[in-house]
Amino acid sequence: MIYFNSDYMAGAHPEVMRRLVDTNSEATVGYGCDQYTARATDLIRKACDAPDARVHLLVGGTQTNATVIDGLLARHEGVLAADSGHINVHEAGAIEATGHKVLTLPHKDGKVNAEDVDRYIRDFYNDDTYEHMVAPGMLYISFPTEYGTIYSLKELEALSEVCHKAGIPLYIDGARLGYGLAAEGNDVTLRDIARLSDVFYIGGTKVGALFGEAVVITNPAVLPHFTPLVKQHGAMLAKGRLLGVQFEALFEDGLYEKISRETVRLAMRLKEGFKAKGFMPFIDSPTNQQFFTLPNILIDRLMKDVGFELWGPRGEKESKVRFVTGWQTTDEDIDGLIRLL
Amino acid sequence: MIYFNSDYMAGAHPEVMRRLVDTNSEATVGYGCDQYTARATDLIRKACDAPDARVHLLVGGTQTNATVIDGLLARHEGVLAADSGHINVHEAGAIEATGHKVLTLPHKDGKVNAEDVDRYIRDFYNDDTYEHMVAPGMLYISFPTEYGTIYSLKELEALSEVCHKAGIPLYIDGARLGYGLAAEGNDVTLRDIARLSDVFYIGGTKVGALFGEAVVITNPAVLPHFTPLVKQHGAMLAKGRLLGVQFEALFEDGLYEKISRETVRLAMRLKEGFKAKGFMPFIDSPTNQQFFTLPNILIDRLMKDVGFELWGPRGEKESKVRFVTGWQTTDEDIDGLIRLL
Amino acid sequence: MIYFNSDYMAGAHPEVMRRLVDTNSEATVGYGCDQYTARATDLIRKACDAPDARVHLLVGGTQTNATVIDGLLARHEGVLAADSGHINVHEAGAIEATGHKVLTLPHKDGKVNAEDVDRYIRDFYNDDTYEHMVAPGMLYISFPTEYGTIYSLKELEALSEVCHKAGIPLYIDGARLGYGLAAEGNDVTLRDIARLSDVFYIGGTKVGALFGEAVVITNPAVLPHFTPLVKQHGAMLAKGRLLGVQFEALFEDGLYEKISRETVRLAMRLKEGFKAKGFMPFIDSPTNQQFFTLPNILIDRLMKDVGFELWGPRGEKESKVRFVTGWQTTDEDIDGLIRLL
Amino acid sequence: MIYFNSDYMAGAHPEVMRRLVDTNSEATVGYGCDQYTARATDLIRKACDAPDARVHLLVGGTQTNATVIDGLLARHEGVLAADSGHINVHEAGAIEATGHKVLTLPHKDGKVNAEDVDRYIRDFYNDDTYEHMVAPGMLYISFPTEYGTIYSLKELEALSEVCHKAGIPLYIDGARLGYGLAAEGNDVTLRDIARLSDVFYIGGTKVGALFGEAVVITNPAVLPHFTPLVKQHGAMLAKGRLLGVQFEALFEDGLYEKISRETVRLAMRLKEGFKAKGFMPFIDSPTNQQFFTLPNILIDRLMKDVGFELWGPRGEKESKVRFVTGWQTTDEDIDGLIRLL
């Protein structure tokens, strides 16, 4: 079997794992107050060119989104997001469980645009009954999106501007941030992400770590008292240094970028392979998630040897599918897949 | 000024007020354990032909919706509703504040249809990732809807069937229930409402009471321990008998129906008056809320003498408006309005 | 029967009721945007000598406490309160339902003292693990307390000082505020309450209104965006002017004080009556709630003709009981009771 | 430095780590649907002699407690717990954040007793106002407790009986379960824990795993739909097999017991060492946490070479301290410590 189901199928990148093994028997204080975490967060601040940012290392994406959003919003506020956004669809109501509504905007290939955000906010305050409605208290976007697409620098700047004009923070879900930054045609840097958002996170789980997401708070005023919130949300790892060790490994010598680039390169090979066989992607993703519409007959045949996922319900004759590459994907995997098409 | 802003502009119907005055100096136990409440809830059970129903009297609509829905849903569930539903738009996130997502369905003139509900539920459980999504745990509809429209008996039966087939309760928001039941062309009775839903409420605030909503739980298994929930939601009136006295007045001699019929009659006169002047309603509501698109020039002129509300933002040349009749509306009010058109 | 069960057994004081009747058929806008509410809140600001205070009229006590406390606290904070406090005991978990812990302090006759508050806060921040614990984010006290007792001005000043030194707001639950202010020996004025707290409420339900509590926000910075919170908590009355009319009546010509004084006077007569028969109060309350330990044999005999409540579980030979006077209590009621002792 | 600060200072037991390394590059499906998790949960069911139990692997203790308790309680219910219980003190309000009150019982060396639980429940339902109070909906205990103490089988049986007589589930927090089971004098087996509770968890983080807690639901009726709740609480690990691999390692050949026994043995040596020098424990814990009152002068001297924690605030002349052993503690560590006393 060759697996393209997701980017969280294997463990950690070997270099990350090596560090965990090397430090395993060492004793450190818990809860992220150790020196590994200190070094990792320093490296991240440097990579972001954000010396005053506060960086917290959490375990997983859903808990990160819920903790950050719960912290950013006042009780009467909700979070603006694409209706396709992960927080709106695939987090089992984690945001609502903290008491906040997800205010949806229509998406285009997973993206929202500044104009829609602006109109939503203006229409809201132009409605005489706005105090009976949920106030838009922040904007959530994902980079890359759930469809693998990325925002251009210009788009991001427009979103940042419209948020800050309205006095609400911009939060970027970077579960697969590395793949977005490594995408061909991408003109956004990690420093741009840090500069344009108030809070974002650098995904580790899907980019070479065993687990772990680095929350970067570039505008600390919007998220005070984050540590007790992390604890309250059950998002604080007792052996916090495990996160520090991993992010130190990822950010010390450019490993995060290296993993991202290589994974995207293989995804592009995969896409070209499909296209060469006449199967066009239904969304043109430049990152490690690739989406195609395939005949059911091909899907059934492929599934004997290849792992991948249906994207939505099975159609009558053809269905949408997703293929994902990860740090463990090899050129041989791609070759093998292409041979089977 | 003639007021058509809403149906909660005046106090209580004089007969309701008379009862409150007559019983004012009497001492009774609190929290709805008094004999007035007992008699009122008996009358309601009889009117609903639901001898085993539990009836609770609460103060207002938003708190009623939040308390009932919070009680009906398990923690991992959300409530299906029209995207135009009051709980989704105009309750300031009260449902989400209890931890539950509102799962929206497209509306047609404020109504949802059984087919859409059925498809939502089937699609949900057909999705392999459904445990990562918010489960549809109940259906919320309003009768009449926020647009004044009503469901036919056949439509209600279909919604009830699709819910119960899926094992989820049907809850009907009857903030203006009387006006729906009194509408011309309506073929639904209060007994049908009771028979087809698991929980519903009979709105008092907008139908002649000072305040008060009667929650009728026809399927008590779905909502055990409601009393502490009412208290927890701050929806329990200390002087609970005020609700009992009012609902006794409304349900003793058909006052609720009488108020509803008369209010709807005046709304129909209002509608005919507009139509006679060439202003067609943009939604054909058979109840006490009437919706028109009027030239801004007319709106501005009318507003000097008449109270009514813009329905959404003001347009460039014309805008949508809402006119509402209530127990205090008179034929003279209608005559006066028509003269001004 | 003579009733001393509580102060929410009868309707409204006749003068309050008269105003409701007089204004009943009038049409006003809803949700508290009417002129009655404007006048009532002006009168309250004047009575409090707090011209910049924001005043909101809500329906009941539990919803008021939950809404205010939810608004005052950040997500990681809890509310300090006496373990005997209403929010800790008799609100069915309404505070916790909003996500916040009640942090209990030992009470002395229902009161907390500044020293305990100060020690709690100091100990909290001296604990290295404080970010794993719930931060004390405000202080809740009741005036008078659930045991009918009152704080002296000196005690209140000390509590206010310790809160503000620690940067947390002081909130006073005044469900029976009038009775505290009217108590013999009381040296606290309404202006003191307003001056020393950040938020408090003036109870109407138990002091002559049909229902209603006036939230006075003397420090608006601590409670922005209160209106949508009131809506979200289901605490916004559609016919909001009903609250305005009542509080206007209560605060226009000193009716609130008059009712309070008279009710306390009768409570003192009641207490003296018991004492004269040799039944000493187990708490010396100067307000309208009176607490005695009576032989069960007397309790059983009294209960044939008099309404009152056991205070906790029935004892073997004697039990604690509570007698409460209200606006509807008369000298004849007291005479009748004393004759039965 | 020799570290006795906690049992989460080092990484995983080498055998656990070896397995993680061996399986690292393997691809499996995510979210715990893999074969390692299947085998681990089978092993746990067998160890518990609970073939019908459902077993879920979560990441950390606070999130486990919050998720389980949130799932067990109805909205109007709270959780009974010792006032010293971890959920009441050191989880930053995670339980309240889900909307539920922690109902505290006095503790004796960290333990509650059946009589107190029984009295609480009886008193609650004997109070006429119980629907205005938070209903006791479950019992939380920890084994061993936060003070290192353990319940006897007889005590556990009594607690189980009193809970089940009242119809509420018993939940056991087993963050350090192994150390309780391995304690000298303990007469409780893992099978007893499974038999007497409705839900419990087997702590991995503090007993040799990198992280991970195994929730064992022996009475699945009390906790349906747990998977979406785990997701909603952000407690679902994407690379779920990491938990499976670890618990398989811990439960395959008795590693969990072996680690526990050895860690407790070293704790007993540590205790004897202190006692031999005249320092008596202030709680006689038979597990891996040891508590002493030491002169500040000794504390200051020791802290130069030894890591341990103050237990509460520093006293004037002497202070309470805690020493904890873990899988990484060695006889040399104990020798070294004793030499320093």
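Residue numbering begins at 1 within each chain, and the chains themselves are lettered A, B, C and D in the order written.
In the analysis below, a residue touches a chain if its C-beta (ideal position, glycine included) is under 8 Å from a C-beta of that chain, and two chains touch if they have at least 3 such contacts.
This structure is a prediction, so every number in the text was calculated from the model and none was measured.
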item	value
Required steps from chain B to chain C (each step between touching chains, minimum)	1
Result of counting contacting C-beta pairs for A-B and A-D, higher pair	A-D
Centroid-based (C-alpha) most distant chain relative to chain D	B
Gap in Å, rounded to a whole number, between the CA centres of chain B and chain A	42
Mean-CA-position distance for chain C and chain A (Å)	49
Whole-Å gap separating chain A and chain D, where each centre is the average of the chain's CA atoms	33
Per-residue multi-chain contacts in chain C, two or more chains	75-76, 91-93, 97-99, 131-134, 228-229, 231-232
Residues on chain D engaged by chain B in the complex (per definition of touch)	70-71, 74-76, 98-99, 131-135, 224-225, 227-229, 231-232
Chain B-facing residues of chain C, complex	1, 3, 5-6, 8-12, 14, 17, 20-21, 23-30, 59-64, 66-67, 91-94, 97-98, 205-206, 210-211, 228-229, 231-239, 242, 307, 328
Touching residues (chain side chain A, partner chain B) in the complex	75-76, 78, 89-93, 96-102, 123, 126-129, 131-134, 309-310, 312-313
